[in-house]
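So that you can tell them apart, the chains are marked A, B, C and D in the order they are listed, and the count of residues begins at 1 in each.
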């Protein structure tokens, strides 16, 4: 059956049961009703869907630029309509009528619940401890969850000048946890140690003795084109928690920049539903801004 | 002649020439036209009029509670309509349609040019150096211009619990200068040294070595029921600059709590015009809230 | 407040809100700078006979004098110990000057110092610098005001520590049922005091549809995620005022001075006007229609701006 | 800005405003966080061929890339070195990565660190603490980020120093002729950046009567006393946007990436679109009506609230 048949008016079925494990049951018939997509794991559609599932049970999400924008939009349509979107531009409780092209898009402002000053957003909302999960992009994430968004190579004369911190090094200090979406899974993107630490893990912060330690748990989840890495211990290291369909554990570990530990319960990531892909392509990112 | 004849429609003559020296000349006739009032120097009407004249040439005034409210209202009507009123409640550029009963009165808000957050008011406007003169009341002002608005007697068990700082100790640090209106002129109100220093002079601040010194000049002018004291030197002491009509220099110096120096050019304060008194009674403080 | 809130309506009654959230011994901020003072909530605290509260208010005002008369307060954190325009607060003075009927512990700041305490509390900063107090006796009186050396070489500057009340109560013109709160006119310390607290009660003149709030998001100063309870209490600031809704009852402010000067008269006032009324609606009814009519204001519309909608 | 301003209209032309207030070698803040970016003013700086500027902008955006291409900028103080949604700013990357055609000195913060620098500047604080950077390499890269020990015993915290530009330029929806400036939607760092500066130019979509501003004083974020010059420049944020007035020209944002990747193409663009147009009106005319019509937004009224008037 098609997504259209399941949802004849084309609207997203919100809060579908058991989305997280990739299956669902039609309440009326008791039969499994979810058609799964075969978009490849490295596609933006796949990554955004996996990222959206990470928002289950999270109330307030600080969304960055790029894939996170897709993920939070999809999450509100399929996981939990009450996920509250917070943006560093000051928007709180966005209700966008169209996909936001960036964190300062006018559609995030019109109809929002609050448009705060940046001081209130970073000071009260973020430092005040109201953000459950910060959703960040990154060029590199290392073994203990340090993020580099600044430079590749020596920062005095970098090979690549990356965008820099933006709000990232503020967010990592105060959001309860951080989810990172990486577009690559190789030793460059997942080095043992980042070239430059823009946004530190609690383990790295702790080495700065005598400092008031940040409240946030740092990076707990990294979504890559090969799998999902998790870091359950505040001061521990990232471990392979899942591999995407068609990816072997050896591929995932072999393409990390360190000896990536594999969890005993390592799982296979459920595929996106065709409906997720349809929503992303036909309703969310109709101009293919992020679905590149 | 009456004020009504001078101003037949009852409106205040704005920016009348030479108000400061108490006389004025009718441009058409060349004759002196100002009728002077005989309200006593200790009256609120007299003090408010003298205080209003201090605002000549001052652009932005931070007005406190009480007599300063009368003074700034009168100043806008008779000295300079462009005096900009700033209140610690966040009001900037007030255009009250009635006399404000306190610094948080709704009439200060309706029609104001800006209603800022208290952080912007104290941080940007005041600490930022935009206030030309802060207009404060006080229980005591001492020889070098320290202000006490906290307690009379020992602060652990005071004889009189005064209102405390309010914004005063913030204002004195950053307003260019401070004008104080005292309702008494005796050694209690003008002691050699205040019982408690709520709001310090630059001379007292300087004694705290190693501190970032405040930008403000502190108290430059004290208006009392007997005369006007001025402190022209940032680190110097208050001197008798003028006595009110009917007051001798000896009365003014003899009733201060220290050996009050007398300026060589000590003058007699010009009387209020009958029009000033009429405005205060009939248009400004019609309920006699401050004209007690 | 910290932590995630349940979605959906947070609207309840003032009686329930105070019963659930105000406990003896708590530190409670009641903010509103001469405007939107949460009198109705304070009166309900008196009705429910809470004790031993630490009250935080920049300007204690008549509300704190009444809470003191009623025996609810043992400690006061404040920056101005008088009534805005109408002189002394005599219950405060009796307590401080003569320890009559009991001493009152006070912790004292300047206005900006107190505001910065809320700011640091809301932002979870260990301290906030300000330019005040150099040469003042206030830091000696209050050891919580401390000094920090600037690492850029300009010398020392005073700082204040965070203030994090157990509960903050504010009054506003309107909120939606989830707690998105809009206020205009003098906005005081309401927003940082709310964000600094573990729990927040918002009383409003009017609970409005979410669409009303969302039509003008820049007016929301306290978003729903910072609010635990919303209570509709029309006239909830009397004898203070709500910009655009009703004016301050200045006559009451003048009347309070002689009442508070005589402790017996003040106790009698509390008995008659607070314990003698079931709730704020009854208090307003006792006040009478003519007096209320005298506080009405004429409309002065802000005018509407556009936020724009992207064309499909 | 500091110092008193002359009363009366401050309205002038953009050409005169830039000619009078922008000098070679100045530190100029051009603020607007993805919204109300002062493109028209930046383009006029290019037209008048100013040199050796230190540009302060949280998000340099296409505007800074253009100012760099045009040779106006030698130093950049910022917190994000890319275009919001459309990828790299290639002129910045060429300068930093290959010193082509010349190196670019950069001074780098996080967003909140940069914002706090403006805050400290506006408030004349020697420093402002924030909770960021513990464990980050940013303080090593930028020695202006320093640490202070809390005098309350929670350890050290990072601080940033004040940022006080010689000139701040912002764009807003409206101002009155004296400079009382109102903006809504994303308000960015405009207010603290203005207060931190020695001089302030405000460009607006519309100069309105003082009565319009004074009907809604809570919308005034930058009062007249902080403003030196007011310039009416409709469409002054293109290709950025003005909430409620017109939308972002996202097509242009996408077009800029290939242009800036090719330095010759970027120089040609500057010649054609900036030096080739007499002023912003000519730039918009060259853009053409159909493109502009595509950026129009449908109205979405905020609704009006009342501020109230005391009855005589």
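Definition applied: contacts are C-beta pairs under 8 Å (C-beta built on N, C-alpha and C of every residue); 3 or more make two chains touch, one makes a residue touch a chain.
Since the structure is predicted, the reported quantities are computational estimates derived from the model, not experimental observations.
**Q** By label order, what chains touch chain B and chain C together?
**A** Expected: D.
**Q** Comparing the two chain pairs, does A-D have more C-beta contacts than A-C, or is it the other way round?
**A** Top pair by contacting C-beta pairs is A-D.
**Q** Among the chains here, which has the CA centroid at the largest distance from chain C's centroid?
**A** The chain lying farthest from chain C is A.
**Q** When the C-alpha atoms of chain A and chain B are each averaged to a single point, how far apart are the two points in Å?
**A** 60
**Q** Using CA atom averages as chain centres, what separation in Å is found between chain B and chain D?
**A** Roughly 40 Å, centre to centre.
**Q** Just how far, in Å, is the C-alpha centre of chain D from the one of chain A?
**A** 30
**Q** For chain D, give me the residues that contact two or more of the other chains.
**A** 119, 123-126, 130-131, 147, 149-150, 154-155, 157, 184-185, 187, 191-192, 215, 218, 243, 247, 297, 300, 307-310
**Q** Among the residues of chain A, which are close enough to touch at least two other chains?
**A** Counting only residues that touch two or more other chains, chain A contributes 91, 106, 109-111, 115, 119, 123, 127, 174, 212, 215.
**Q** Which two-chain combinations touch?
**A** A-C, A-D, B-C, B-D, C-D
**Q** If you look only at chain D, which of its residues touch chain A in the complex?
**A** Within the complex, chain D touches chain A at residues 33-35, 59, 78-82, 84-85, 92-93, 96-97, 99, 108-113, 115, 119, 130-138, 141, 147, 149-150, 154-157, 184-189, 191-192, 241, 243, 247-248, 250, 297, 300.
**Q** Going by the contact rule at the top, pick out the chain C residues touching chain D in the complex.
**A** Answer in residue numbers: 123-131, 146-152, 154-155, 157, 159, 161, 173, 184-185, 187, 212, 215-216, 218-219, 243-247, 296-311.
**Q** Would you mind writing out the residues of chain C in touch with chain A in their complex?
**A** Of all residues in chain C, those touching chain A are 2-5, 7, 119, 122-126, 176, 178, 180, 191-192, 195, 210, 213-215, 217-218, 220-221, 223-226, 307-310, 312.
**Q** For the complex, which residues does chain B have touching chain C?
**A** 65-66, 88-91, 101-106, 109-111, 115, 117-119, 122-123, 126-127, 146, 150, 155, 157-170, 173-174, 196-202, 204-208, 210-215, 289
**Q** For chain B, which residues count as touching chain D in their complex?
**A** Its residues touching chain D are 59-60, 82, 84, 91-93, 95, 97-98, 106-107, 109-116, 120, 123-125, 127-130, 132, 174, 212, 215.
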